[in-house]
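Note sheet for the following structure.
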Amino acid sequence: MSELLVVENLQKYFPVTRGVIFQKELGQVKAVDGVSFSLEQGKTLGVVGESGCGKSTMARCLARLLEPTGGTINFDGRDITHLSRKSMRPIRRDMMMVFQDPYASLNARKRVGSIVAEPLEVHGIGGDNDRKRRVQELLEIVGLNPEHYNRFPHEFSGGQRQRIGIARALSINPKLIICDEPVSALDVSVQAQILNLLKDLQQDFELTYIFIAHDLNVVRHVSDRVMVMYLGKPVEMGSKRDLYDEPKHPYSGALLSAVPIAEPTAGRARKQIVLEGDVPSPLNPPAACRFHPRCPRFVDGKCNVDEPELTPASGGGDHLYACHFPLERWPMGEDEIRRVPALAGSTE
Amino acid sequence: MPLIEVTDLQTRFRTDDGIVKAVSGVSFSLERGETLGVVGESGSGKSVTFLTVMGLLEKTAETSGSVRFDGEEILGLSMARLRRIRGQRMGMIFQDPMTSLNPVKKIGWQLEEAVLLHNDVNRKEARRRSVAILEEVEIPRADTRIDDYPHQFSGGMRQRVMIAMALINNPEILIADEPTTALDVTTQAQILRLMGRLQQEHEMAIVMITHDLGVVAELADEVIVMYGGRVVEQANVDNLFAKAEMPYTWGLLGSLPRLNLETTRLEQIPGQPPSLLHPPTGCAFNPRCAYAFDRCREELPELRPAAQEHAHLFRCHLGDEERARIWAEKKAAFAAAAGSAA
Amino acid sequence: MTAFVIRRLFWAIFLFLVATIAAYVLFFIIPTNPAALAAGKAATPVVVKHISHVMHLDLPIYQQYWLFLWNMVRHGSLGYSFVNQLPVRGLIRQDAPVTMSLVFGGAVFWLALSIPVGIISALRPRSILDRSAMIFVLIGISAHPVWIGLILAYLIGYRLGLTPISNYCPLVPSHSIGVPCSGPLQWFEHMILPWMTFMLLFAALYVRLIRATVIETMSEDFVRTARAKGASSGRVLVQHVLRNSMLPVVTILGMDLGLALGGAVFTETVFSLHGLGQQLITAATSDDLPVVTGILVFACIAVIVFNFIVDVAYAWLDPRIRLTT
């Protein structure tokens, strides 16, 4: 199983300027600040984080809709980090995106057949008839009626529109599909349909996914590996079992415990960790560990001075976390989580 | 006497395409201090029901039925009298905090407006109360931030301001229409905890309208599930999750991806929510129901009590043994999945 | 705020240069011989050449342009008319008040009409009032100002004799010889019909605009919040809806005023008001470059000033703009 995507220390900074005619750079919004991971073909990487964590920016960098400020992106063995538009073109055949808003991501003035066929047209694949056939095939694959080829997006429901978006992404047989919050805007019952569809398609077509979401339940369901981001940096990464059963980073713990549980007794019984304050602005991130102002395990003198590096957990080499005082066990309640063991070299 | 008692509420809208039957006979009651969870998806009528209760609908809406608030009939009440209740005895907060506050007015002004509309006090007192309520909803440095504009607050903060505005006159009931859907999950946890605390301190009833069964499980005492403009199941929260009685609820529970379950396939409900313009005949859920039979397409099922729990109501034509059997199967599947996840 | 102003100023200057250069270039493309025109029919080629030299017409285009800029900045002069050798600045000083009276007066009327009508239409969509308002809008947009002007002049001015039908009377009373009438009353009487003509088109457009923005604002979430607080419809309208829906109106108003000051040609022609519009037409048809450029300068400045006022007004109305620029 080869590694389809290898990302090393990806950075995307947006300059903040001031100045009337000659713009002087005041600082930078470090939207993505050092993301590294590798993704095997046929697997799904789930990316979780809240607003301002940089997950969408990262997705756009991977798809080269934005140009990274630093780091490298290696796709299918090729370094695509700074490729020109022209050189990126053939590579875009293997990388497609599905977006969050099924109402905005389809051109309302185009017929559905034309929307799904567009990638084929752009890459000059097949003649008109072949394309029509392919589009009808795709509509059927995603569970829509192929005869609705000539309808407009507004004639479909949200879930159906999302299927159209997926059909569009599939049209040129990509290797990688980046899904940016594909089910957030859908009703619960429809969400399940789309998630099942994505999983089926992954099996049938050997697709690789990057699945970005803020809903931990959804991410767990679809992912093999999960990465948690906070203010532009990954704070924890691992297989889904590692992350959901034994989270190490307090933020991961807070995220997990914040998710409402659809079971009344369990829900009332569990001890929740509720964070204080809001996510700080990426314009002015806190010093050292970016999570320290909100962290229930904050230790003055360490967490606000030394920035924690991503270190492997003792259990497995590919479970990484960036914290000086990782969680010893899980689940933990609010008072338990505040009891930090004495400062020691290694905390495992 | 219940705080709110709704009987056979119906709301219809006249549109160019025909009559939209948004709410078709909803009944429920809410006691003081209780939390009612209202679950449903788009087109279920959950929001319209409470907009009707608050009298916030357009003039093109036609309503019938009865809504009794503290014993007084408020449906069809004159605008002037309804306005006195709204904002004072009943508060409502909405989903999107970004757009629910007037962008060109300071939040202090907006809070003071809420006070001055219902209380005969001077501006200084209104301001004092505004600062106090902002502190209560945990806005830091409330005395300076009160002069800021909405866009200077984050999403979570804005929702707190909305809650403050709804609570400033100490209402007896707070209706929250998807208050945390647009917020991050950690912010949601904060807001839900805040609402729980405020409910205790103010002895308030809460109606929590949401599509998130997790939120309902955590906060609600009673739950009503709405579909196609009707209540399709109604129960105490523990009973609902322990033994749901009809296929739509089963579908909802089954289609939730969950932290503690390892399933390869979620149970999906095929199709999409019904059109309220041309609703299906008989049971509104029948086109999507795996267990539908002829009677379901012809006859609307009545709301009837469950065998063991008389307070647990549901709408389904399937027989008691059949439903019990299906539920047992599903539960077993859940348990197996939960077991394999451990 | 200062950075904002300085940036706007730079753009203004840039805009100004572009517009005036364009005017100069255009004149050089058009085959004309202003020297010959100025010299008169009887002039000999030698005289024409001499006059050509005096008028700097023998210089290359960029030098003529440079002279123009230099004169303007250094002496505040806009040159002299090719046709009658009068200083352009004086011509503008004479004609600008006419156009300004027409435009500002017209604006007051069109706002006074369109704001209430627009709001009421929005509050009662599809009512009889709303439909009549939309018919009015259709007429206002379709009917040509000249046609309207002539009809009004004929019916009200001529047939009913209620108002005069031509000429402009300065607001400030004056007893000098070239001025047949003056004073506020006469000014007003002479301007009534021009105002009615000029404002109709704008009133129509603004009724439509205001109706649309009010309808849109009424459906915003924060209006629902205000009603949920128990505010009355009147209060909701005034305190919450109006300020928010006036934002686009302010923007467009600034643009319209700035543009109109360049010359409300049709109305001026019908009512024989010697404003900038008329002057511009005359100058353009007689290839009078300095006058055309002079009016262009005035129009540029007007547009710039009004856009600036609009920006400031917008920032005052919408705190989101204020704090982020």
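We just call them A, B and C in the order they show up, numbering each chain from 1.
In this text, a contact is a pair of C-beta atoms (placed from the backbone, for glycine too) under 8 Å apart; a residue touches a chain by one contact, two chains touch by 3 or more.
Worth saying up front: this structure is predicted, and the values here are computed from it rather than measured.
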(message) Contact counts by the stated rule: is the higher one at A-B or B-C?
(response) A-B
(message) With centres defined by CA atoms only, which chain is the most remote from chain B?
(response) C
(message) Can you compute the centre-to-centre distance for chain A and chain C, using the mean CA position of each chain? Integer Å is fine.
(response) 54
(request) Could you tell me the distance, in whole angstrom, between the mean C-alpha positions of chain A and chain B? (result) 30
(request) Would you kindly tell me how far, in whole Å, the mean C-alpha position of chain C lies from that of chain B? (result) 55
(request) Enumerate the contact residues on chain B facing chain A in the complex. (result) 41-42, 154-157, 184-190, 192-193, 211-218, 237-238, 241, 251-260, 263-270, 272-273
(message) Looking at the complex, which residues from chain B come into contact with chain C?
(response) 54, 56, 79-80, 83-88, 91-92, 94, 96, 99-105, 113-114, 117-118, 149, 151-152, 162, 165-166
(message) Which residues of chain C touch chain B once you look at their complex with the stated criterion?
(response) 220-222, 224-233, 239-240, 243-244, 317-320, 323
(message) Per the contact definition, I'd like the list of chain A residues that touch chain B in the complex.
(response) 50-51, 157-160, 187-193, 195-196, 199, 214-218, 220-221, 244, 254-265, 267-268, 272, 274-275, 278-279
